[in-house]
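As written, the chains take the letters A, B, C, D, E and F, and residue 1 is the first residue of each chain.
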């Protein structure tokens, strides 16, 4: 066989073989991977909206999705805002649970971050950061207490304590939360969050 | 005409009396006011940190000299003492001694000796040590205590720059007064607080021609221009150039650290670019970066360019480029 | 064609031709994922998997491939196995997969793997290639383990997540950050060279 | 069905395109390189010493293949290696005579006095520039430039302060000859019987004063073997090594300062 | 603004070499001389920019529409490899000196983590076309900056009494560590 | 009056007061002279005499063969005792003619020039200068006849007479300027005629105000276009390229000669020698030297015959002090160390200096202080050059201009690390020359 022809044939057939092999593997793992992703989101929603039994995606765009957490009756008991933005080093992705009027927060979960371990990474830490997000007043903008207050009682209802030594990460989270809350509020007003209209599942 | 042992050497046979140890000891002498100020403001903490850093630097240096089978007289050239002193001067007074010792070991080991010791290092050793500590122990390195003269008790205390950057000091009207910055009655690293003491030492070095005047001047000029432009545009948001010059590590950096001969360019043009570059990077970091202070990073960053600067700014030789 | 015994073929990967310490290959993943032992280990194993299977395939079909498309074919073969590894991790160990990020797909360009196909599998029998791949992988895993152990212990005070340093220990965060990675690897390399020098001069 | 079909087709097309690209590149863009260059290069010692006059072994290999030079011009290759290369290229190799570097000086620390306190750079060429650290203006300066120049570790500085050639290691690359600012090394065939261990052109009384082992131009050797040895410029010179009659060697070795004769034990490694 | 942020970040903050550890082999291998470092930097920048374009096209026109996510690795590497090979042969043909300067590292670009990493990161971050190109170009410049600085330092270190066991890769790694420290100063600048 | 100068340079201590006020004394010729056949820049002269020959004072004993060579003359009358290698103050032995003095000083040529020297043609002047073996006495010992023959395509505008004597300790040029200003100016006029220059500038440093005044006065009586310029006292004001820059703001191209900018520079001593050669046909067989330094008992300026051993000159000046440990021919900045007093005075010897050197400072690695860069009058980067040479990167050293170094020593003078920078430069230049020779071979 001529060399060039052999080159073409060999490569093409290796390509074909690999393609079919991968198709099989891809097929076998596809579901599981999708499931993993979905489960991650779902678990987060359940975490930030206690009492959730089932979930529903209400809105989606780049860097912002809103889910509804439903109770056994299927009524939406809170929103879970999935948003991301730039932190100290890299993107921070978080999930914030609120009540349906978007006036009180439920809980905050950090899904993905690459902040400095032991410093910015404390935003994933309940003790030093996440606890302050429970049950805050979010009818207006939430603000940061700097320097940090000694105890949670000292904080105003709409205040969050900074992490000492990681103001930037704290501010970044705050920024993401405030802007996505704002956005969501607008969506709600415009009626784009109607649970019936966009039933994904 | 008795002896038969004349000296054999190449010309010249006259030499200036200045020497490396003399230069180094002049720098140490120029640091005396700043050291005194640090002892005054931070008392025992300052003493402990200064002593442990200098001692650790000397021990580490001696260890490496021994390992490399180099003459031990280099230990007394004063450079390791300076590294120790300057490292200590740039540490927060509350830092524990163990961490200071780690920093000092790193300063000499990976900042200086791995490159071949005095004269060969690319980066400023004291700042390598400090950068190591800052990255290894960011919390300890940004925990500040008030100077002993303030007689207040607080758990957290911000430096003037931290105050400016993270606590909206201008808006809240709590910007540190320039007078305090000048005398040093503020929080901060051991040796950076008293601008007065630093200027004194810097002027001494300039007058003895130990340091290249272009470096402090270039840094001050470019920082003034950079911060000045923003300040003029929006004084509600940005602090004045004078504040930026007196606050933080700028003066100690401009007079004592950027001027380290080993890690700064040898050509005049290169020196200008280096100095202006440092000022601008400081401005960038202070105004827009994640840190309140950028002196250390900007000096290290520009250190990295020094070999390139030296190479591409070679002065024109007398008669070069003229047609023969 | 190699003339070593099977034992030597395996052992060489551990030290004499250790891909990381001696050949300076595959440094990117070595530096990137060794912040924690679990990541280093996972990466090592994933690489092992890819190395072994691609060596097997390459050495068994080496005769069929014209040398001009050699590299291209190897790449496809390697990429196939990398995809398998990547999908596997994503499906069954999602947290690790997330930690390793793009570095698992990057195994495809790990110099060790292509280098081995080029230098060894394309010239040796299936059996020898397998042993070689095992040896190299062992060397790689070893390097990852040493590096990540040092970095995790110093940088977080833990080993595989278990606290090993006392409460007095203040973690050196720098060790899990990029500068620490470079410096630690530099120091380890210096040690390796030093040991090598010692044993050589003794010989 | 599509789920399997699409990826297979995609990969097939990719492979096809890729191979077509390669074929194209292979045909149109390839730069020819003689495979022999690689081959010859592999046979060379890879010392990259440059003694052949080329920038390293690979450059030499290129030159050999192009016929610009001959295999035996590599001073480092042994006869075996040269033959191998020659065979590869199909040319015949000339016979190689093994040579060794020899030092023409016996001015040890003890024999040759210092001029004064030398405070310059510790290399021979630097010292030579200021007249040298030894009273003798012709002898070894002891700083070992030659030792550092030898790419084969075939030289070391003896306790007495002279460089010594380790015969097994010396490849006659000539680096030491080049390195010595006083030109004290020369390459001699390994079988060489007698050589002059001095290069001093000083008058007898002067050389006697500055070095115990210097040639004082007394002429004993020249008288013993006038066919091959003459005195010129205050120094004994062997004009033709081949003409030295072995029988006369004992006569020649009567040199009062031992500066001519056979190699001694201590001159060898 | 977003684009500027991506660009600056790729050069100074999330530098490919100093932050992501991608392309370490050429970073250590071709940084001995400034001139070759510079050519290598340019070659990488060039290839990175093209890669950004090509991988975006593949990803958005072929892989995503057909849900062929699992072919990402294979197709990226194949296309990149063939592309680089073409570039390499092209350079070899038109400029032998340039080819000589880059030596064996040109083929290494093919299997360079930086290139592949770029394609994967751009896909992972869901960049739009223009963003991806800016990201590719900026990352290439970041690589070039790092390797040139490194080469400058190493040329200087050729004239230093670096202890014997630390010469070469060891000191280069330590310098890279300190460089990474110095570049840390820019962290947080992009928000 | 404004003083001119050049950028960079240094101010070493001068110590000129040791001999500045001492008139030139003559040293009687020694019993034996050793006259090297190489006393100039270039190839050695070919010996014209053999062992046993009788020679007369001023008789030519060595013939300059090539263009870059100069003839050598006997400085005494007597008998040749040997022609072979002998130690030279330059460091390495060279072929030397040794002559015993018969004490008669019988001159070789009786005939005095009768023609007006200023009526000679340029070629005649050059011929006489060449015949007399005149070489530059400012240091480089460049054959003067060559300097007086500028190439056709490089017209000479200006002749500079170099009266700077910027080296510390030396005062021989100064004394000459005080004691023989007319001879110098006449020699200058001859050189001007030979080179076809239009103008003469005499450059004198402002630490020699007296010489400056005398010259300003004397020059009035000459009818050439001349000027006496005052220069700042700074080392190396006398270095040709810097002097030209200081006086004319012209830069001699790298690797070029003053010819290239229409200038010729001659030392004051050389000017006097030119006058004597042309007007009297007197060969260069004696010269004025300063014997000075804190290690000399009675420092003096003396007129000595070429070939006189240093020992005689030093003993005439009271001998060496006990603690002397450095002996130098030339100035302390550029001079060459000597290890014995047996070497002869040569045409290029401007002084014999001795002093007790302070204990040498320890050498430290270069701390990159940049002082060498700030002080190099050639605007080189000495520290980098030294490193390139040390680590044997000759092509980089060449690119950075090691060959433009004039070895003035400013860099090493100021270096706090006590690095033998000039030594490195010299090693570097030497290695480059060797490499070039090897390549062309």
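Here is the rule we go by: a residue touches a chain if its C-beta (ideal position, glycine included) is under 8 Å from a C-beta of that chain, and two chains touch if they have at least 3 such contacts.
Because the structure is a prediction, the values reported are computed rather than measured.
K.L.:
Work out which chains are contact partners of both subunit B and subunit D.
P.N.:
For subunit B paired with subunit D, the chains in contact with each are A, C, E, F, in label order.
K.L.:
Looking at C-alpha means, what's the farthest chain from subunit C?
P.N.:
Comparing chain centres, F lies farthest from subunit C.
K.L.:
Between subunit E and subunit F, tell me the centre distance in angstrom, where each centre is the average of that chain's C-alpha atoms.
P.N.:
59
K.L.:
Mind checking the centre-to-centre distance between subunit C and subunit F? Centres are C-alpha means, answer in whole Å.
P.N.:
About 69 Å, centre to centre.
K.L.:
What's the distance between the Cα centroids of subunit B and subunit F, rounded to whole Å?
P.N.:
48
K.L.:
I'd like the Å distance between the centres of subunit A and subunit F, where a centre is the mean of that chain's Cα atoms.
P.N.:
85
K.L.:
Residues touching two or more other chains, restricted to subunit D: which are they?
P.N.:
Correct list: 7, 10-11, 14-15, 18-19, 22-23, 26, 115-117, 119-120, 126, 129-131.
K.L.:
Which subunit F residues sit where two or more other chains touch them?
P.N.:
In subunit F, 325, 336-337, 339, 360, 365, 420, 423, 426 touch at least two other chains.
K.L.:
Can you list the residues of subunit E that touch 2 or more other chains?
P.N.:
If we look for residues of subunit E contacting two or more partner chains, we find 68, 70-71, 74, 78, 81-82, 161, 166, 171, 174, 177-178, 181, 184, 187-188.
K.L.:
Spell out all pairs of chains that touch, sorted by label.
P.N.:
A-B, A-C, A-D, A-E, B-C, B-D, B-E, B-F, C-D, C-E, D-E, D-F, E-F
K.L.:
In the complex, go through subunit D and note every residue touching subunit A.
P.N.:
Subunit D residues touching subunit A: 3-4, 7-16, 18-20, 22-23, 26-27.
K.L.:
Contact residues on subunit B for subunit D in the complex?
P.N.:
4-10
K.L.:
Quick check: in the complex, which residue numbers of subunit C touch subunit D?
P.N.:
Those in contact with subunit D are residues 68-69, 72, 76.
K.L.:
Subunit E touches which residues of subunit A in the complex?
P.N.:
15, 18-19, 22, 25-26, 29-30, 62, 86, 88-90, 168, 172, 175
K.L.:
Would you tell me which residues of subunit B are touching subunit A in their complex?
P.N.:
Residues 138-139, 142-143, 155-156, 158, 166-167, 290 of subunit B touch subunit A in their complex.
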